[in-house]
Amino acid sequence: MTEDYKRRLTGLARDITRTYTDIGGINRIGETELPSLARVEGILQNLLTMAFPGYFGGRVNPRTSMETFVSSHLDEVFVDLSEVVARVLRFSRREDIPAPRLPDCPEDPDCPEIDTLAEQLTLEYLETLPELRAMLKRDVTAAYEGDPAATGPDEIILCYPGLLAVAVHRLAHPLYQLGIPFVPRIMNEWAHAQTGADIHPGARIGPDFFIDHATGVVIGETTVIGRGVKIYQGVTLGALSFRKNGDGSLKRGDKRHPTIEDEATIYANATILGGKTVIGKGAVIGGGCWVTKSVEPGGRILLRSHAD
Amino acid sequence: MTEDYKRRLTGLARDITRTYTDIGGINRIGETELPSLARVEGILQNLLTMAFPGYFGGRVNPRTSMETFVSSHLDEVFVDLSEVVARVLRFSRREDIPAPRLPDCPEDPDCPEIDTLAEQLTLEYLETLPELRAMLKRDVTAAYEGDPAATGPDEIILCYPGLLAVAVHRLAHPLYQLGIPFVPRIMNEWAHAQTGADIHPGARIGPDFFIDHATGVVIGETTVIGRGVKIYQGVTLGALSFRKNGDGSLKRGDKRHPTIEDEATIYANATILGGKTVIGKGAVIGGGCWVTKSVEPGGRILLRSHAD
Amino acid sequence: MTEDYKRRLTGLARDITRTYTDIGGINRIGETELPSLARVEGILQNLLTMAFPGYFGGRVNPRTSMETFVSSHLDEVFVDLSEVVARVLRFSRREDIPAPRLPDCPEDPDCPEIDTLAEQLTLEYLETLPELRAMLKRDVTAAYEGDPAATGPDEIILCYPGLLAVAVHRLAHPLYQLGIPFVPRIMNEWAHAQTGADIHPGARIGPDFFIDHATGVVIGETTVIGRGVKIYQGVTLGALSFRKNGDGSLKRGDKRHPTIEDEATIYANATILGGKTVIGKGAVIGGGCWVTKSVEPGGRILLRSHAD
Amino acid sequence: MTEDYKRRLTGLARDITRTYTDIGGINRIGETELPSLARVEGILQNLLTMAFPGYFGGRVNPRTSMETFVSSHLDEVFVDLSEVVARVLRFSRREDIPAPRLPDCPEDPDCPEIDTLAEQLTLEYLETLPELRAMLKRDVTAAYEGDPAATGPDEIILCYPGLLAVAVHRLAHPLYQLGIPFVPRIMNEWAHAQTGADIHPGARIGPDFFIDHATGVVIGETTVIGRGVKIYQGVTLGALSFRKNGDGSLKRGDKRHPTIEDEATIYANATILGGKTVIGKGAVIGGGCWVTKSVEPGGRILLRSHAD
Amino acid sequence: MTEDYKRRLTGLARDITRTYTDIGGINRIGETELPSLARVEGILQNLLTMAFPGYFGGRVNPRTSMETFVSSHLDEVFVDLSEVVARVLRFSRREDIPAPRLPDCPEDPDCPEIDTLAEQLTLEYLETLPELRAMLKRDVTAAYEGDPAATGPDEIILCYPGLLAVAVHRLAHPLYQLGIPFVPRIMNEWAHAQTGADIHPGARIGPDFFIDHATGVVIGETTVIGRGVKIYQGVTLGALSFRKNGDGSLKRGDKRHPTIEDEATIYANATILGGKTVIGKGAVIGGGCWVTKSVEPGGRILLRSHAD
Amino acid sequence: MTEDYKRRLTGLARDITRTYTDIGGINRIGETELPSLARVEGILQNLLTMAFPGYFGGRVNPRTSMETFVSSHLDEVFVDLSEVVARVLRFSRREDIPAPRLPDCPEDPDCPEIDTLAEQLTLEYLETLPELRAMLKRDVTAAYEGDPAATGPDEIILCYPGLLAVAVHRLAHPLYQLGIPFVPRIMNEWAHAQTGADIHPGARIGPDFFIDHATGVVIGETTVIGRGVKIYQGVTLGALSFRKNGDGSLKRGDKRHPTIEDEATIYANATILGGKTVIGKGAVIGGGCWVTKSVEPGGRILLRSHAD
């Protein structure tokens, strides 16, 4: 390398370094650490292993004591998740991100009460797991009953990205409900990257839910979905437009996404938008439809074939 | 951790463990092991390396004897795939999953004949590889001739997810045809996660096939595709609705997905549904079209621009 | 294994090996090595770490000297990228792939001048980084201002695949502009596999760009996008049809993809095609629209709800 | 590679393969698998973690429930060691290696009773662990009291190879006593490679034992060592000569190695040989001494300095 | 697993857990963490890479800027070692292990001044590196000049365990001199495990030092070695006996190990003991000798061949 | 970090960098690369796998074709070792290290003939393997017949460091004989680190050789050992003193180490020195003996027990 190149590289390093001061906000240097993606993914893998032992997390040897197996995974999640939750709560407190139930400790920058709260929230969360197993079993059954190509529950659990996306959502949603920032979103983006389905952890989804093929599905934060709903690839349950505050900034927190009632079916690439849009019980939305108004229970919205 | 928390965690472990008995069917504990995803992926990598040596599986040193190179990969696949196939056949037999040609050994739960059958099927499968190389070469050429942005075959093989999805399908489909459960589906879901294209291993696809961009493509189990067909991102070749048996359960095995004849082109996000729908030779289906009826050979179905 | 099987496997190895001669063009055996995907991904990770230190590449310890941190990443990228660029330039020269500014060294097959050129191009490229940081900051802000579900810049950088896709594009595009083949395409396909958004490195994209949800987005090579544009999942900015040369081969290099002017918004699954199609300043293209003609500045193209 | 080289390599492969038939006994091809070194090392790491939690196996988080921690390691060892023991018992049965308590199942080549026996032996073994912890504590104390350079128990556990060699011996010896072949020897060779001290798992060693520096220590199979003994690097407790059977083969099983009584000290590089040699209580053997006869209690055997 | 076995394993877990309370001192649960061996080894690898670039730490690319290369390794060591040193100082303070210069902060259990002190000590340490490079060069030369089997400096650096042991000692000794506990001992035990030579970091060793073959060498804490000394495998420079305090405990800190003056040579397996023993300048101690008294400058102590 | 510390670290980096120029010879920056230890170790593992298939390199599946197995390992070694040999030959040529048969290509600095020579030497080397398998079998038998503690050949191959040291020597020695520098020494140091036995690859060792316990054994470059020799831990077969050239430098290449005739036995920690020292056929050298003169065939040199 010539001396000239060395000089240019040295100057360049200085210029880039200067941008860390000049252009802040997209670098975190020596600040409160955010939870690492790898760590949250590790927690998720442990949760999936408890949810579907023998499918996730490798074979379970017949000599294994299942109670020890569960205790050990549970303990690992408790330890890791408590730390991650404490970290994001601490971070929220400093950055004024809303996180309900933050302890009031104005004088102590470290606020040790946050550790206690984090343990408490983590335990509350973990205690939803037994009930969640029942939900997941129903989702697997719904998938099997909904797809003639499926050969059985094993194929559903091993090979259906839709089931994975739903399972991760069911694991992430209670964290969202407890007001824990970031962590459920990281889980949902992990599933999004794996499956192509982007289900915001805020969405409320009833039992017996089935997504087939999964790629391109988007389900927004304030979506409400009933029991026995079935959706296909490319379906968007989205916002119609965003309301603004007086200062022109976006209104956050509104119900912006639709409500899908029990047993509705939404075929591939349909788009349903708007917080007041309700797809009634048992309605069918045909593939490729664009729906921004409510549909009666039992209604059928279908495109005419372009080949007519 | 307080004693109270310890007690709650212990109780919780017991509750979760109890669900493994109460809510069965989504846990496999000490049962016949299913093939691990990692192992099937390993087999697939070896197959891709034999199919595209020097592109997959690292550089091939000029001193390497190619015959030894192939023998060694072939042997590894033979050993691994025989074991995986034997495992899934054994599993199918117990769970009554249809797998043609299962040996009849009613008295022996282990049925050693299955090992022999697995070797035989594996060898039959591997003997399709030389012909498959010719198919893959044609797919690469079709991609190059179909995309003006492509700079050459190297870019196609290294950077086109559509080519990867098609190549994995070509490797998975003969396993499906031999009646081997799970394994081809695991291969196809691996490719789906990599590329966003979900091609069921049952689909029958002719030569010179090109998928551009790939994300969101869904090709159903009973689809039939001719020679020289070209499809784009987001295209669904799907089922219109499912027929049911007398007891209300889904009819499995019917032709539910369309037939696409030679040299047809289907543009982005078009949806073509139904087992009787035939897109005739050389027909063009415009982007975003919704087609549930057959289209004549040479027909053109196009949306009018919404900007008109 | 029986002797018969051994014989068949040996014969098969010979047959497959023979296809490496008979069916060339999809195997590279002992030839100029192409850049490995893993190596280009490593370069990209280093670039992302310099772009977003503390978000990518792990925590930055408060004791770290940032100038040393940057120098060290910069040096590593300089060394690696110079080698990769030299390799692809050498390769382009042999295969007649267009790469501007190739040195003229007809007599020497190794053309050592290529190493010097590679260093020069790499340094030119790296010197765009400080300015690029400013662009990325604006993209993060645009995302935050464009999505009411976002809780802040940290969530954008950690959890928005759209931001990742745009950031990788901003890192890949200058390499494309310098005429370096393959490398920017490998970067873009890496991002495509992670995020589901396929942005060709040739696309020219203005500041304050936001893609929400990302899956299924396709932005073609000759697309031009202005300032403050916002697009959603499943949007295609594609080619209408390809022009051919006299010999029937595709014309490569034409402007085939649309122009999107400042502050336009394009909702989910809309498709905009054609090199002469211009979406005017501030125009809004509704979800699911199919647009092949230009739209006036401020125009609004919306589907009527199929539920009307 | 020239054709001639290819031919020579092919011929050579054939010649080497032929030696697997012609020169048997040093290749195991498709036979009963022996326990892998890596697996036994994994078991050993789990045992060391239970023995010294927080020193081996990484930090123990204060939120961890220690009972779950132990249960989980114990269960893992039970599962793994049962399998390894079953494998070596099966192997011993076929190769006529003495292993006490082998079940009598002459008709079944797989002898399923071996699995039951393996579980039983493994559990018997594990039940020695609580007592073993007490022994290890005494060894740590003995080391601290025996070396003025030691700064405390932490340094002993982290930095004294002699302690590691003794700890592994204490974990391996009960397996030897239960008549399990190979496994304790693999453990002892693992420690030998780490520490340079080769303690045969058959040696019987009393409490409060300290080896300083460790390299080159050899302690033979039938050695008996009392309480509070201290030895230094390079000490051999070996056999004098081997007795032979009538046919000239070596007599195996005899007491061939010395007895060291309580509180004896043996300095660096001393050699003590012979099954009848007894080093009496509290005796001191000077560095470099060569001892093949018994030494009285309290005796002192010292070399005169060669510098006299 | 039978219910009886489950019960026994559960009881056993409880028994082992109980020993963590009953038999303390050999478990660290939720306490101040000690530095992990892996982390200290990482620091050592970085130091060796700066000491012998291109031999340790992989190839150095000719395009690399060496100043950036060094800065980056230096910075990494500064960050890591500061943290490790802070941790051991904090630990020493609680456990009353002597560590000179500990800050006086009786009221604050965390004593933040320790972080400042750790940085200061680390920097002081690192500033010895340039001089240390000169010492290492002399050691390499001494090895080459001392062994007729050596083919050159490359072989010395790559293949001589004695050189590795000496280099690690030279890197560990200044940490010992700065009064930092544990860290230098962990370095020395790492080298001991690699090379078989156990050089206590307290030993003071002059330049041009050569150890051939290395296995079994022991050099005690208070040894002093002059310039140009040469020793061979199995040599012990040890203590004769330990002095005790009034209460019977060992006196720690005394000079217990010999002094070896310039240009002395000590052949294989010789043992030299005692804090007052001086091997005079240029003396030669023959292999296998046992020396507990001083030897004159130029003296020669040789065993008569036992074959005489 | 304070500004003052930053300045000191920057200055320090500059000072260390300067030593790379000022104190050369112990840094290799951008020069001919030496073979990496990891690569030579990889070659050695492949060789050991061919030598002891099923013991080294993992289990051999019964379905594996052994000829393919060997071909594939052989090919990998041929490719890797040819490159490594070419590299060291090129290096020797530049540094004037003696390497017989170097081609004469004074004008071309790269000397392409070296690649041809490297392939030729590698093939010559590999063709010794079949015969070497016979030698290894005899070594295993000698070990079993020499140690009453051994339970069978499996234990010898898995657990005897002496066997490993001898096997690596047998693989390294032919490379030494072919005049290839460095590579055999790296192999021997790998074995030394694993086993504690340092056997110079130049030593000539006859069949049926057994080393028990191995730690501390040193066998010098010009040692000659006959058939059926047995040695124990800590034995040195070394040089007495080195002859010098007129200029004071060491004479390299002389026979400096002893000759051990058939069936001699040398017990633990004995030292035998000198190029003219011959231990006659069947002689026995007792443990701890110091021998610098020849011993008659059948002679017995024993220490009197210091306990007499």
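Chains: A, B, C, D, E and F, in written order; residue numbering restarts at 1 for each.
Here is the rule we use: a residue touches a chain if its C-beta (ideal position, glycine included) is under 8 Å from a C-beta of that chain, and two chains touch if they have at least 3 such contacts.
Just so we're clear, the structure is a prediction, and the values are computed from it rather than from any experiment.
Path length between chain B and chain E in the touching-chain graph (shortest route): 2. Using the average of C-alpha coordinates as each chain's centre, C ends up farthest from chain D.
For this pair, chain B with chain F, the centres built from the Cα atoms lie 51 Å apart.
Residues of chain A found to touch two or more other chains are 1, 9, 61-65, 68, 71, 74-75, 78, 119, 196, 215-216, 234, 269, 286, 288, 303. All chain pairs that touch, listed by label, are A-B, A-C, A-D, A-E, B-C, B-D, B-F, C-E, C-F, D-E, D-F, E-F.
Taken together, the chain A residues at the contact with chain C in this complex read 1, 5, 8-10, 12-20, 23, 25-31, 33-34, 36-37, 91, 95, 97-98, 181-182, 185-186, 188-189, 192-193, 196, 198, 200, 202, 215-216, 218, 220-221, 234, 236, 238-239, 242, 249-254, 256, 269, 271, 273, 277, 286, 288-295, 299, 301, 303.
Residue ranges on chain B touching chain D, taken from their complex, read 1, 6, 9, 62-63, 65, 68. Those residues of chain A that touch chain D in the complex are listed here as 61, 63-65, 68-69, 71-72, 74-75, 78-79, 82, 119.
Those residues of chain F whose C-beta lies close enough to touch chain D in the complex are 50-55, 58-64, 66-67, 70-71, 74-75, 78, 119, 123, 126-127, 129-130, 133-134, 136-137, 140, 145-149, 151-155, 157-161, 194-196, 213, 215-216, 232-234, 268-269, 286-288, 303-308.
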